[in-house]
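The same chain A turns up in both complexes below, where it pairs with chain B and then with chain C.
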Partner chain A sequence: MKNRLKVLRAERDWSQADLADRLEVSRQTINALETGKYDPSLPLAFKIARLFSQSIETIFQDEA
Partner chain B sequence: MAQAKSAAARRYLARFFPAILAYVVVLFGSLWIIRSLHPEGPLLWLVAVAPAVPIIAAIAAMGLYMVEETDEFLRAILAQSMLWGIGVTMALCTIWGFLENAGLLPHPPLYLIFPLFCGSFGLAQPFVSRRYR
Partner chain C sequence: MTVASKFPKFLSTPKAKVAAALGLSGGVVGFGSGLLIGKLEKAGAMTVEGLGWSDLLSGLIALMLIAMGALVLIVSVSRKTALRVLDPGSARDATPAQASYYRQQGLVCLLAGLMLAAPVLAISIFDPLPSELAAAVMMGIVALFLVQTVGNLTLWSRSDELVRRVMSETGAASFWILQGALFLWAAGEKLNLLPALSMWDAVTLMMASYLLISTLVAGRRGFGS
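After this line comes the complex of A and B, so read on.
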């Protein structure tokens, strides 16, 4: 699933490790999320949305 | 696994490796007792089965890691790698079984199945992780 994580992270000038710390996940998890190869669980998606103060739909795009 | 180990991964290593170390000690102790003291009856059963106890502890450590790892992605990698490990182990055992049936291979000790699973599970991990890069 496509997402804007990389852009949102860059806007805040955070490294993958910074974002990983803020979400309490590993750096590999951030990498897998950013490449769109791993889709987060609903709780993690909500956590990401809360961190960036945006809705889940504006961060993750369902390719249809 | 994680480059920077999670707390759960550190706990796992702190459980798994002592269990394997205990296995080596108990295994050699058990073999020595059986060979030199020739226990019989229930005592023989007890001494013979003893090396399985630390192995079961190692299996429990793997299960606990799966439960305690809070990073869902690492958990997903682990689960998929375990499935590969189970698949490879069952496939190899099935192949061996039929070849043994035809008298082409000897009967292997069943306790080798756990190291076979650990090996195939371990080998699967980098391949499974690579798919997410």
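After this line comes the complex of A and C, so read on.
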């Protein structure tokens, strides 16, 4: 699954650690999400969507 | 041209420095332990010669776990060094919760190493091992096991979803691989085609496979980057 997490984070000038603090996860989780090595759970996807005030499908796109 | 500029750029990154420090610590621990065991054996305080392959392998795994656990505990005592060493990508101080989480990880790792080392050390230091002492060692192992189990369960509840996913995938992959391998070995053993494995052999194989698989799974999920 592709996502716009890195772009959204860069627009706000946040580091991976800053975003991790806001989402209450580890920095490694943010790194794994941004590099496509891990797809978030639904609760985390909702949390990300709420944080950036965007819909889930705007942030995450199915590659299929 | 300066000396530093002769090296590729990636060698001066925080990750490369941490990797070099960890490699050096591993070398020192390995060499130091080998030297100590050699001296103890020479002095007659320890017998290594009669140990089987699983005793040697579990001893090596135990040493790695103890060294890793001790290192994590030491660096996570300070919030300044905790994240810089254990998560070089962060490049900032750990929060009190992060430092305590790492300390707990270090402690769980250290306890696992001590539990694995205890039976091998007991039989190599005391030959023959008196039954009272064997019972005392066993009681100590059970006590460590209970503390370590609580530590492991607490770690699970304190971990975020990526760490839990890595733990689950490691558990699933380990079960799938080991049930197949041990079944095939057991079948061969039943048919008198393969030598018998002891429970200690099986546990050592399980521990070695689990650690290897967890490293692969963690790497696949981006840990260390």
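Here is the rule we use: the second predicted complex is superposed on the first by the 64 of 64 C-alpha atoms of A that agree within 3 Å, B and C clash if a C-alpha of one lies under 4 Å from a C-alpha of the other, contacts with A are read in each partner's own complex, and residues count from 1 in each chain.
Here is the rule we use: a residue touches a chain if its C-beta (ideal position, glycine included) is under 8 Å from a C-beta of that chain, and two chains touch if they have at least 3 such contacts.
What you see is a predicted model; the values in this text were computed from it and never measured.
For the composite obtained by superposing both complexes on chain A, the positions of chain B and chain C are in clash. By the touch criterion defined above, A:32 lies against chain B and chain C together after alignment on the C-alpha atoms of chain A. Shared-chain residue A:51: touches no atom of chain B or chain C. Legend: residue contacts after superposition of the two complexes on their common chain; A:8 is shown touching neither chain B nor chain C. By the document's definition of touching, of the two partners only chain C reaches A:16; chain B does not. In the superposition on chain A, A:40 contacts both chain B and chain C. Taken together, the two complexes place residues 24-29, 31-32, 35, 37-38, 40-41, 44 of chain A in contact with chain B and also with chain C.
The touching residues of chain A, counted against chain B in their complex, run 24-29, 31-33, 35, 37-38, 40-41, 44.
Of all residues in chain C, only 87, 89-92, 95, 160-163, 165, 220-223, 225 touch chain A in the complex they form. Every residue of chain B that touches chain A in the complex is listed here, in rising order: 2-4, 6, 70-74, 76, 129, 131-133. Within the complex formed with chain C, the residues of chain A that make contact are 16-17, 21, 24-29, 31-32, 35, 37-38, 40-41, 44.
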